[in-house]
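Report on the following structure.
Residue numbering begins at 1 within each chain, and the chains themselves are lettered A, B, C, D, E and F in the order written.
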């Protein structure tokens, strides 16, 4: 049960409905997922987060599937159940295979492990890795 | 200052030197970074972690640059300074541009934000996102 | 299902019952929530954590509602389901509105995002921000 | 050393300079901190994050000092050194006393502790805490 | 519902069945838990993670029960529900009492608290704590 | 540089000096580390945290070295530099060897890895692991 009552399309104020419609048009779907129905309870947040997501997740120097996999990597590290489900579904819709998911999660696991080995041993950064902007 | 005294190649026991040599051969470099010099203080860990990294980071269903970017996404989320530096350098050596780094970090930032909106509002997972394995 | 069997008031030893009674008196309620019933399985922890909570959450230089909102900010960042529910309920009982909750979660989300931008780019701290205690 | 070379005001392109000028005007200061000079290397991120921060941190149902303290609570939980310094300085500029900082950090510490007690014991959420939106 | 369809022993390929059999023989049990049935969908990960776990969790300079308690401490800090349940069960099977669990969680809670006090106040490391390897 | 000016023994008020003296007596040392000198800026927090630490870290069902190693496991997972240094030094003073540290960090690393595999695949908890308190 969400902390607030979700807003459905039929009951939405015009400013909310405009965002819902843009989400469906951008994604070429005919439904809006719960994340947006919850944010709709605070329209400035709905508008702001959607504008952010639309800009950040658009094709650019990285392709959209790579962006979805990066999103999954963060969500798995933080253990956000909602986000793991929604972005794994999104990545699959963009073509991610079970094998790619397996490799993605293997990297996420390994990185979480070596992060702690580096932390625990307080390993000093090699000078070769430090950018030189002079 | 690391928690333990790092092992240099010249002073390494044969089992350690074998791993160091494999690292340099695999990466086509002539030096070994501090991470491995620290793990070399416990040879079973050095061998184990290197075998893991070699297997997980090899080309597969995901290309090595994508794997490095996933590694960065995790390391940034956890704020592991050593890992951020070493894997950003590795990604750049594999061709990552400043623009790709900017897009990668934008996704990492956004995912960390929306993870908390989903957490805080306790948003229920849409049934459409749940895999059906029947 | 909790890891241990919760202790109910009627079955509680005197040292546990004394804490339960103080919780209800302090909060002006007639029930004790599961958190304390679980801690009651180890009375020294029950006593210690209650004494801490009572001292830390009391009115002081910050008012109790602000303290509850800080508690929520931490719990959302860590994704502690129990704590998010219990402290959101507590904040609402102290007067937090839906609009305040929306603004709170917006700040929590943004902070989690910019934390990672600062981490990922390894942004150096401006000297103007460093306290000078000479 | 940041991952990218920071952009100074004098060398900034007009779109960057416009954001820098708005930051200084909004904050009534005559300098721009490193966070923005780094983001300026990717102007769409600079513009986007500044627009977000300006909207989210503006006075609203919560006052700006409370918002800064929530920001600190998140940054301390995540251990983002840059963010802890910049937002503690910002909160002090808005009037936060040493005593308020001490109480804030005491709540942050306690919440991080009880989050783990709730996690570790897998404490079930009391039905009284679950919102009822029927 | 897991992200992938779990592999049961009867339907497993020989390379998977070999790992399942080694897990049961090593643990002296007649069943395999879900963690391995899920990893079995990617046999190289199944083999790799099992080899890691077998090596790392074996008796050594630390006894197996201490290792299980360290595992719980990490899993509670990260709030991994599956891992908390599986490793608490494993620790109990190795003799952990309710009192030991209570003391373990008390330390985990306190450490999470003082970690944030140290972070928030940016406490400088005492020179006496820094190892000297000259 | 800490956020506040540390309090030295010679300049401490009686209530602070009493805690400092108890710390030194309990630990059989002749100095107080920075953590306590910083907390001394808010005497109620100094007293409260010291009382907690003294109670939680005392010998009990777990021995003090095991408690220190659990403390390290949490601090490494959270990447608290101060705490990693102070508790690794404390564990060494209680007899922890380099080999034990290596095994401890190996478990911490592995747990952080498998936590994410369990998260990412949303592995359902086996009924055998759930405590039955009926």
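Couple of notes before you dig in:
Here is the rule we go by: a contact is a pair of C-beta atoms (placed from the backbone, for glycine too) under 8 Å apart; a residue touches a chain by one contact, two chains touch by 3 or more.
All of these numbers come straight from a predicted model, not from anything done at the bench.
Chains compared, chain C against chain F: the Cα-based superposition rotates one onto the other by 180 degrees, nearest 5. Put simply, the chain farthest from chain D by mean CA position is E. Counting every residue number used by either copy at the chain B-chain C contact, over half are found in both chains. A count of C-beta contacts for the chain pairs D-E and D-F puts D-E on top. For chain F, the chain with the farthest CA centroid is A.
Computed centre separation for the pair chain C/chain D is 20 angstrom, with centres defined by C-alpha atoms.
Each chain gets one centre point, the mean of its Cα atoms, and the points for chain A and chain F are 34 Å apart.
In terms of their C-alpha centroids, the spacing between chain A and chain C amounts to 27 Å. Touching of two or more other chains is recorded for residues 1-4, 45, 48-49, 52, 56, 77-81, 85, 88, 99, 102, 104-106, 108-110, 112-115, 117, 119-122, 130 of chain D.
Judged by the touch criterion defined above, the protein chains are all mutually in contact, each touching every other.
The touching residues of chain E, counted against chain B in their complex, run 1-5, 44, 48, 52, 55-56, 130-133. On the chain C side of its complex with chain E, the touching residues are 3-4, 41-42, 45, 48-49, 78-80.
Taken together, the chain E residues at the contact with chain F in this complex read 1-4, 31, 33-35, 38-39, 45, 49, 52-53, 56-57, 60-62, 66-67, 69-71, 73-75, 77-78, 80-83, 85-89, 97, 99-100, 102-104, 106-108, 110-115, 117-126, 128-130. Across the complex, chain D meets chain E through its residues 72, 76-77, 79, 81, 84-85, 104-105, 108-110, 112-117, 119-122.
The part of chain F that touches chain B in the complex is made up of residues 79, 88, 98-99, 101-102, 105-106, 109.
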